[in-house]
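Listed next: structures, encoded as structure tokens.
Next come two complexes built around chain A: one with chain B, the other with chain C.
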Partner chain A sequence: MSGAGLGTARLRRAAARTASVAARSIAIFVPVFLVATFVTFALRSLSGLSPAHLQLGESATPESLARIEHEWGLDRPFLTQYLDWFGKVLSGDLGTSWYNGADISRLLTEGAVISLSVAGLALLIGVVFGFGFGILAALRRTTWVDRVITGAMTFISVMPSFVVGIALVAVFAVSLDWLPSAGWVPAERGFGLWLAHITLPAIALSFDTVSDVARQLRAGLVAAYRENYVTGALVRGLGPRRIFFRHVLRNGIGPALTVLGLKFPNLLGGAVVTEAVFGMPGFGQFAAASAQRGDVPAVQGVLVVSIVLVVVFNLLVNLILARLTPASARGV
Partner chain B sequence: MSDAALRLTDVRIHDAVGDRDIVHGVSFELTPGKVVGIVGESGSGKTLTCRAVLGILPRHFSVTGGTIELAGRDTSGLTQREWTGLRGTTVGAVFQDPASYLNPSIRIGAQLAEVVRVKKGLTRREARRRALDLLSSVRLREPDLVYRQYPHELSGGMLQRVLIAAAIAADPQLLIADEATTALDVTVQAEILDLLTELRERTGMALIVVSHDLAVVAQLCDEVLVMRDGIVVEQGPTARVLYDPRHDYTRLLIAEHEQYGLDRFRDAAEPALSKELDHVG
Partner chain C sequence: MVRRLLALTSGRIAAVILALIALLALLGPLLSPQDPLAGSADILADPGPHHWLGTDYLGRDVLSRLLAGSRLSVLGALQVTVMALLVGVIPGILSVYLGRAFEWVTLRLADTLIALPFLVFAVAVTALLGNGIPQAMLTVGIMVSPLFFRVSRAATLSVARSQYVEAAIIAGASVGWIVRRHVWTKVLPPIAIALAHTAGVGFVVVSSLTFLGIGVRPPAPTWGGILASDLGFLSYRPWAPLLPTALIMATVWACNLLADAIRDVSGEAGRALLDNRKLRGRLAVAGRGA
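== the complex of A and B ==
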């Protein structure tokens, strides 16, 4: 009976904790989203660009200019335009392209599938190899294994992804002919084919993440191993594996996870260059092309999607951290 | 042949980096229910001696001479796995700065339950009950509350009680208290010393009390070792060492203490001391 009482009390506490964490996350997300989208929208007025330039070119007369701006609703007051745009953004409508009148949400979704495939695989590679090398180096700290890993991580961290990409293509696509050198195939046309096309760009993109995660994790774990609670666990007679997973990893993982959160925007941003090298019509290519054309609604759409992805990803990292090391959430 | 919980015979500890002996021949024997005190200033080798008994000497340090027998078993040839088996069940330890010896990310209860689950093979439910029992056995007032608190939510005295509970969770025959009361204020220190005495009487475990404070040792111990620069300069029954010190260094320690009222401890019987401390505090 009292056991059941304890059980429900524990459940209620857990629910309250989850609710407070969720509330705090929303409290962070909403203002960031509001400010960032406002700045994004203000870009058009700041840039002075107009769809009329795009459509009419040099031959525009003031009358036709005004007519086109009126068609796009750009002669309305700024705040009206903003509220109209923001309302549509909330419902998932990012407007139409100045360049070809296409639905930006649809274009972005097509591009985002490609970029997120590459960035997601790069993230996976970064996590698997970053954690693998970091843990190995920490467990073999100060031995030659540690030195080799640390040296290799420093080396790959300074290699730009476009150089790595070109080198990978030269070796694995041209010389060995194992993987396609460029292009994109949707997953619906075969998982293997899809994976083959995103593997090289993902590897090129992941180097930075692998090295940063590995180095942060190594440092975090080595520091955690020096802590007294490891000695404490040792004298209580706990085995080395249990000490590693329950006591060292849990407390030493913080910096690596934080870096992973910071790396995610880099993976999206890095996609611009990697997609160019590998000829993939992704999010980054779309962003670059739209910016060069002065297609403001498209650039705004790219920014809105990036803001949401980056903020959500960092919130996720923070939630995991708060769960793993509750003491770190104090005073936040 | 031996019913000793611990027997040290001429133990020497060597530092490979400085290439010199840090501890030069420590010998003592500890039978169940007895208490040995080791006194000396920092750097005298008392903590290294304890770490050797626990098998957790720092890197580059090793036992190069003599033998350490834990519950009749020579520890010199033990593998890591055998050490892991002995720690907790045969020998436990508590240290100074108790907060740092607990994992900051795991609740108190879970850390205690972990020990009994690993060392005694209890189920989750049994481990929880045992952990609550342990918390009340170290006289924490609200075991249910402490069970679900994190280390940073407790005071130093409470944490030292928790650490003691974790150390005795698997019923060791020997408990090492290395400066366990040093960072605590005087009344809390007296309570912890009382607790150690009570646990020793109840469970019959042997106790090593390491301190730079003669008062602590005087209060608890049957036998005292006075160490300086890795050498045991004086060793004998507590009363004899305190009343009739033979080495200059021991006399110096006692003289220094007399200014702070050590005679109170020299004259009084052991358990009555903490009450007197309470009056003072």
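== the complex of A and C ==
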């Protein structure tokens, strides 16, 4: 009886803690979202671009320019335009492209499916190998295993993702011919084919995450092993497995998870470059192409979506962190 | 500090590499054996006595292009660093003194900037606001400035509320003396580390943007642009990306090495920044106060 009572009390406390962390994180991210979207919107006025340039090119006369700007509602006051745009953004409508009049939300969803499958696989690789190498280095600290891993992680951390991408293409696609060098196949057309196409880009994208997570995790775990509670646990005769999982991992994992949260914007940014290397029609390619065409609404859509993704991902990491290491919720 | 830095092997290696890169940037365009823009009939040639690193798909001398492109990369990294320094440090120090409202606003702005994917923003801003690497670099500089904001703010906080500074004031020390003796010794090492780190980021961003062809006009030689054109001809010259890659990696590595070396020689103040990695992580995840 009393055991069950204790259980629900603990559950309630955990739920309350999660809710408070969520509330605090949202209080921080709402201003972030507002400021970032405002800057995004202001880009059009700052750029001085208008759909007329795309549609008319050099032949634009002042009259036709004014007519087109009126059609797009660009002659209204700045604030009216902003509120109109922001209201639509909140309902998921990102407007239409200046370039081909297509619905940006739909274009972005198509691109995001590609980019998120690559980023997801990259994240998976980053977590598996980052944690694997980090834990291995920490368990074998100060041995040659540790030194080799640390050296390798430092080496791959200075490789920009497009450099890794080119190296992978040169080795695995051109020389060995194991995997395709470019392109994208939807998962419906065959899981194996889909995986083959996203493997190299995902590896290229994951290097940065692997090295940072591994180094942070190693540092965190090594520091935790030096704590008195670990010595105490040893003295009490607890086994190495129990010490590792109950005492060391839980206390040393914080920085690695935090870095993982930080890496998400990098994965999005990296997508712009890796998608160019591997010729994938994803989010990043869409961003680069729209930016070069001067298609402002499309670029704004890309920015809004990346802001939302980053904010949501950070929120998730905050919640996981609060669950694993309650001290992090106190803001220490 | 410079002498102690050079006493360290890692510090010396970093200094030599960075000095070489700086020399390349200064003299590279003059050293080019051939016109980096001039094509020839000799396309995709292997390295030989005439073209030491071979030629690209338009028959242009790769070595000359590499040398000519070094200036843009170094300038870009410098622009990022200087911009981030200016935009970050001044509000960072002021946020401690100018009251709660200013503090709140600057903290929120720093949270916002650090949360954004800066490569996506750099691409957007460069293409929309005028097509040039300098604009892109200034944008990236602003977006990475929260690092400097946090570092200088933390250092200022630790100085402003410390008892030895109060003691010095009571003892009648002049402001100039306190700044020289206490503030600089605390603030400079963390900022130097952040500078080296940011320069590395700057190199990666410049090469990424030039690789995408954003911010540069096609014939202009850039490290990233050379890699991009190599990518299309990998089956003819699979070794071609090696040298530009090595150049980019060596530069970034030297920057990181320098940052670590500064941390090692700056003792207490540097170790305080060691925690700043955690701090950087935390501020991006939440920014729960300073």
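By our rule, the second predicted complex is superposed on the first by the 315 of 332 C-alpha atoms of A that agree within 3 Å, B and C clash if a C-alpha of one lies under 4 Å from a C-alpha of the other, contacts with A are read in each partner's own complex, and residues count from 1 in each chain.
As a convention for this text, a contact is a pair of C-beta atoms (placed from the backbone, for glycine too) under 8 Å apart; a residue touches a chain by one contact, two chains touch by 3 or more.
All of these numbers come straight from a predicted model, not from anything done at the bench.
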{"item": "Joint occupancy of chain A by chain B and chain C, clash or fit", "value": "fit"}
{"item": "Which of chain B and chain C A:Ser97 touches, first, second, both or neither", "value": "neither"}
{"item": "Which superposed partner A:Gly237 touches (first chain B, second chain C, both, neither)", "value": "first"}
{"item": "Which superposed partner A:Arg250 touches (first chain B, second chain C, both, neither)", "value": "first"}
{"item": "Chain B or chain C, by number of chain A residues touched", "value": "C"}
{"item": "After the two structures are overlaid on chain A, angle v-u-w for chain B, chain A, chain C in degrees (C-alpha centres, nearest 10)", "value": "90"}
{"item": "Partner chain in contact with A:Tyr229 - chain B first, chain C second, else both or neither", "value": "first"}
{"item": "Chain B versus chain C as contact partner of A:Thr209, first or second or both or neither", "value": "neither"}
{"item": "Partner chain(s) touched by A:Thr274 [first = chain B, second = chain C, both, neither]", "value": "neither"}
{"item": "Minimum C-alpha spacing, chains overlaid - chain B and chain C, in Å", "value": "17"}
{"item": "Intersection of the chain A residues that touch chain B with those that touch chain C", "value": "none"}
{"item": "Chain B - residues contacting chain A, complex", "value": "54, 56, 80-81, 84-89, 91-93, 95, 97, 100-106, 114-115, 118-119, 150, 152, 163, 166-167, 169-170"}
{"item": "In the complex with chain A, residue positions of chain C that touch it", "value": "108-109, 111-112, 115-121, 123-129, 200, 204, 207-208, 211-212, 214, 224, 227-228, 230-231, 234-235, 238, 241, 245, 248-249, 252-253, 256, 277-278, 280-282, 284-289"}
{"item": "Contact footprint of chain C on chain A as seen in their complex", "value": "24-25, 28, 31-32, 35-36, 43-44, 46-47, 49, 154, 157-163, 166-167, 169-170, 174-175, 181, 216, 254-255, 258-259, 261-262, 265-266, 268-270, 272-273, 276-277, 284, 287-288, 291-292, 294, 296, 299, 302-303, 306-307, 310-311, 314, 317-318, 321, 331"}
{"item": "Chain A - residues contacting chain B, complex", "value": "227-229, 231-240, 242, 246-247, 250-251, 324-327, 330"}
